[in-house]
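I've put the structures underneath this note.
Next, two complexes with chain A in common: one pairs it with chain B, the other with chain C.
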Partner chain A sequence: MSGFQDNMRQSARGVGFLALVIAVGAALAIAEPRFLSSASLNGIARHMAANGLAALGLTFVVIVRRFDLSLPGVAAFAGMSMGAVIAAGAPLWVAVAAGIAIGAAIGMVSGVAISRFGLPDIVTTIAVGSICAGMAFLYTGGRSIFQNFFQVGITDLNDARLMGLGVSLWILLAIYAVAWFVMHRTRTGVAFYATGENPVAAHFSGIATKRYVALAYVLCGVCTALAVLLILAESGNAETNKGANLMMPAYAGVFLGAAILGGTSVLATLGGILLITMLLDGFALMGVPYYYSDGMISLILLAGVLAFSDTARGWLASFGIRRAFRRSAPGEKG
Partner chain B sequence: MTMTMTKPAESHRHRTRRRLSRLITNLWLVAALVVLTALIASQRPQLLDPGNVVAVLKSFSIMVMMVLGLTWVIAAGKIDVSFMQVAALSNMLCAWGLSQGWGWWPAIGAGLAAGLAVGLLNGWLVAVMRLPALIVTISTAGLCASLAAALGKGTVIRIATPGPVASLLEPQLGGAVPLIVLPVLALAALAWFVQERLSMGRYIYAMAQNETAVRSVGIPVVGLTLLLFVFSAVCAALAGVILAENLASGQPMIGGPYLINGLTVVLLGGMMVHVGKPNILGTLTATLFIGVLFSGAALLGLPDYQRQIIQGALLLTGLVVAMLAARHHGERRKGG
Partner chain C sequence: MAAPILTASGVSKRFGPVQALQNVAFHVAPGEVHALLGINGAGKSTFIKILSGIIQKDGGQITVGGEEVHFRTPEDAIRAGIATVQQHPELVPDMTGLDNIFLGRESARRGLFSRIDQRGLERRAKALLSRFPVALDLTLEVGRMSAVEREAVAILQAIAGENTRVLILDEPTSTLTDIEREDLFALMGLLKAQGIAIIYITHQLEEVFAIADSFSIFRNGTCVARMTVDEAKAGRVSLADLMLGEAIGDIFPPRAATAPGDAVLEVGALCLQGDFDGISLTARKGEVLGIFGLVGSGCDELAKAIFGVTPPDSGTLRLRGQVVRLTSPRAALDAGVFLVPGDRRTEGLVLSRAALFNVPLANLRRAAAGRWSLRRRRMQGDARALTGDVALHPPSLTTPASGFSGGNQQKIVLAKGLYSQADVYIFVEPTVGVDIGARAKIYALMRQLSRDAAVIVISSDCDEVHGVADRTLALHKGRQVEPVSGVFSRDALLMAGIMGEVAQ
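Now for the complex of A and B:
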């Protein structure tokens, strides 16, 4: 397949994705006109910032073909730790640094256990997540932490604006820009992808694959800590259940984005999380009860993964639909 | 170069020692269970009171029911993280049906049918559509949790009349044993027979090693995978029905804690009998172990979150031991 065709297909997917975003936005705006109000759009930007950071962390892990189910536990522990540091009277940057350090340390534990010692990823991260969720209770026994939150200025992360957009959205865009540059324009990014695609070949090409797997988990822990920081900033207190709603949107964002845009990447995750956040906020605005949100994300995720799976594409091909798109593919009778 | 060849010059003492070491790897968890029970009972004798034993055995029966199918799913190298929400859905569906005046048997039927449906969906998506099991079951778990909550509009549904399982949950046999243990153990024994004596059991373990190879020798992998996911979901649904009876209510949030509990018992159980492979007997022992541990922790006054930490640590320890054992076996095989 020529590079030109590859580019064409990629931009066709991009155009298709934009059309989907516009269609979903229009449908939600028709069903609920308040969807396009500035309050609603600001809400989407804020929620997208928290969801997007968690999804970005997961993206690294998915690129090296692993899973991480410790997100809620890490978020709970990092969130309560940051709350405890703030309540102790430390400045905000100390709390953020503590949160990042804790996220990185937990990610390191999972990452080293999985890459260096070969433990199974799913069960290991569930166990680590459970321990972290328990440790989140160590500070206050489960009570909310709110002391010093307003004096320390954490709520500015939620309320302050820069050039008309919320600070949290700028944080999201800055981190995504760095991540995009590293993952898609440097050797480090290539090494991440190589580790995921073919670890043996990557190993013999001189890539320290185990280090990249561990690094992916460290980055995931850091991103989760930053995501919960934004949630604390929005609510103005720290509770043990603050990160409970991060994981499903993150998985849906990563896999839906990958399904629509043809592969796991930083931009695909950004697109996926935009779509998911629009839908979630739109439904919330329309008064759909909270307990439907997980189910709806699950349905969207399943539908997305299913519609773009190899098997489904094979079925379409058997009905002759794919022929129109892939006339030039080898081994296919026109 | 056969692995089972024994040296003729091996002394009797040697053989006894080897048999002993195999017995230890097979049954160490049973010994740990006895030691744990003795330790806790020496500190808190209430552990062995008939009332407490009934409670432990009741939660043991429900837990075994919940993870019987999961054991095989994990043994086949797949994962199912939807089982606890399937139980929550069947639990709520049962309670909701009763509140609509269906009567017990239709309500139980509805709960089990929901389990069957989710199992078929999971199995179809994983086996036929070849989607990753984690993504599939994470999604169906979210779906079931939402449906369960929606049935009660986010709250608990109370059940007024005791149903057909109620008498099984009452303490019998000297006031210490709820009869529910018997059918659960019978089902587990049947599953143990299938796993140990029928070729299906061999196929399950073979799938974890090399699915392509198993497929190419003509074993119906698609059907088997479908069956495993259906079995897992139906078992969990049955556990949900028993929970409805036990709690006299439908609880939409009941699933949550069972995820880590279920995985812990299956993987901890995989450390005995067939080391490194989840199996029915191991799951039974590990479930009782965790049950005694939790009951003891409650009697000793440990708060919930400390139990959660202990359990996560246990799960991690189990994983490390399993991996070391697998590596040990691998090296011995290479050496032989």
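Now for the complex of A and C:
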């Protein structure tokens, strides 16, 4: 009976999310008709692929109830490293493998420092991120790397199409499908969630909680490297600031998705990042300067999380807006 | 007795489809210690939350000092002189007792920059202590205090508002030892002498006769009986029968009829520096081994050492004759040892998750059974069968564990233990905060488990250990105390655990 109610609530959230996507899309299309052009929609798909990979990495970290603020630094270092490998004449797969290895290694450093040695996550990842941001300058002293980029075929990741959709979107969907299966259909996923929600009980249940915390950071590092790979593919060169705009959309996607769809999950992040990318690209089309868009995304994030949180709902209800909210939350305990 | 300070009549409260309280009548007089009894889910907690302003009643009338009151927030209740100490009082462990008592009330003026009036605080503390002379060092950090000292700090914090007329204590003794309990009762006596009415929730029925003047019994959301302790004594009333609404027999199942089988777990000279030393025991299939020990006796640490949480410094563990080294809960579970931990809310359950998540958690290998993905339908079937076996109420697999009563949370932990199919089950404080109906069920399950596995019950409740176990020993300051021959009597076990001596 209550399982049925849970399903109802979950599907109500899903319907609400779709309505929100349509409403946001319609509003942006009215404000800027070019929003629905195929060039714009393709752009959204491409940007969603990069943003979505970074957000997926962050999802693992948020599920184990930690934070990772090293994203821009890791992206810069992994991006410049991949650029250097390409410039040296190596094939694309070697560059990608190097990026993944670097992302994993940096994630391992943060993860082990935080889980094994108990360092605070925020300080550790800021420090690791800053070190990486500095190391990104090792190759060229900060100059752009573009040699061999066209010969090696990295731009195909941005331009090639498969069944009418950009190949980067397919990459995103494939990785999300694997992540969804692991997080929501296997023991590993249960262990991740248990580690986040009650590490003591998880430990007493035989789950190696420290290993899962470290693994979350490793996965986050790998996803960040893949995200910056798509950014390099789009621009056709590597620069030290390529990953600078990855972090805010990623956090916004994870938390907005969790707020709307009722908890941190792979699908919630996918939904969240779709909304965030639509908004970001819509603002860009409307000519909103880039230095305002992070701020506007953050504002939307705060508003979204507030509107969907139970605490805020109770608080609003105490101001007498009770009726509007009561219907949306039947049978909840007082 | 004097005119009531607090009365309630016709109070009702509904949560969705559940009528939590119906037409409750209640009163308590100044200086009266009044026990509130009832099994989990009877409505005690809901009633207390209404009295303390945490939730609002749907209907009925509450008066304090003769005037009708409507509490919208906890502050309203405090202002009316009703102070409440929650079951697990929230204190700041790094701050001293004194700082905790006046937390948020350091200064008479409210303002971001109003300075803390240290001398005023000391004066107020001295005044408080002169009214209630408890033997308590309030300059000690709360984190270093014992359970009863923390409870005393929480009570002083609650009544520091000066005009307290009614004090509500929600299960204050559930984590206390017998000696500590006496200290708490002494403090309650002081409050009573000051004319404060005390409403006191407990599951320990013998306490009612020790400390209360009168009691009310809640059942199915209403107050079914109110009488004084003298009346109850004179009429030889059975409190347990009144709470359950039917005559219950002995809550302990009969002891093992057959001789115990093979030794499953053999513990040899186990030692953990500072906690216990030289513990040797054998747990056999077909019997329940009971270990009685007070807080600080090393009981909890012994269980955690066997389970691999804090591996012992020296000594041996044998499972089915094989020497094993259990260095983590994972190793212990793989070897077939399951711990029902003493603190089920932090150690036993992921409270935000339902039974369906919690039950398979300690044996995910079984849940996947050789595949990459979880066998979800089978997992659900197993969880439904096991929660049925432990009589989980309500029988929901999707309600978060936090939504169940203490007794039913413990049943989820038990179902989790059954799912992990262990050979040795260790229970630590299995019935703290569990009502009498669920207790009987849990004891029966222990007995049932002991047919196929070795069961060890570790508790600071002497009657529980003596009642449920076939064979008992005591732990006193980390040393084990065993009967000279045969088995302990109840009183001998109590002596062994408290004094560390074997009665002749």
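Note that the second predicted complex is superposed on the first by the 313 of 334 C-alpha atoms of A that agree within 3 Å, B and C clash if a C-alpha of one lies under 4 Å from a C-alpha of the other, contacts with A are read in each partner's own complex, and residues count from 1 in each chain.
Keep this in mind: contacts are C-beta pairs under 8 Å (C-beta built on N, C-alpha and C of every residue); 3 or more make two chains touch, one makes a residue touch a chain.
Because the structure is a prediction, the values reported are computed rather than measured.
K.L.:
Examine A:Met248 and indicate which partner it touches, taking first as chain B and second as chain C; both and neither are also allowed.
P.N.:
A:Met248 contacts chain B only, not chain C.
K.L.:
State whether chain B or chain C is in contact with more residues of chain A in the superposed arrangement.
P.N.:
Comparing touch counts on chain A for chain B and chain C gives B.
K.L.:
Classify the contacts of A:Pro289 with the two partner chains as first (chain B alone), second (chain C alone), both, or neither.
P.N.:
It touches chain B, and chain C stays clear.
K.L.:
After superposition on the shared chain, which partner residues are touched by A:Val305: those of chain B (first), chain C (second), both, or neither?
P.N.:
Only chain B is touched by A:Val305; chain C is not.
K.L.:
Considering only the touch criterion stated at the top, classify A:Ile126 as touching first (chain B), second (chain C), both, or neither.
P.N.:
Only chain B is touched by A:Ile126; chain C is not.
K.L.:
Please work out whether A:Gly142 is in contact with chain B alone, chain C alone, both, or neither, and reply first, second, both or neither.
P.N.:
first
K.L.:
For chain A, what residues appear in both contact lists, the one with chain B and the one with chain C?
P.N.:
none
K.L.:
In the complex, go through chain B and note every residue touching chain A.
P.N.:
Counting only chain B, the residues touching chain A are 79, 81, 125, 128-131, 134-136, 138-143, 145-147, 149-150, 153-154, 252, 259-260, 263-264, 267, 303, 305-309, 311-313, 315-316, 319-320, 323.
K.L.:
For the complex, give me every residue of chain A touching chain B.
P.N.:
Those in contact with chain B are residues 67, 69, 113, 117-120, 122-124, 126-131, 133-138, 141-142, 248, 251, 255, 289-299, 301-302, 305-306, 309-312.
K.L.:
Applying the document's contact rule, which stretches of chain C touch chain A when the two form their complex?
P.N.:
15-17, 55-56, 307, 309, 328-330, 332-334, 339, 341, 346-353, 357, 360-362, 364-365, 367-368, 372-374, 376, 396-399, 403, 416
K.L.:
For the complex, give me every residue of chain A touching chain C.
P.N.:
1-3, 6, 181, 185-187, 190-191, 193-194, 197-198, 200-208, 330-334
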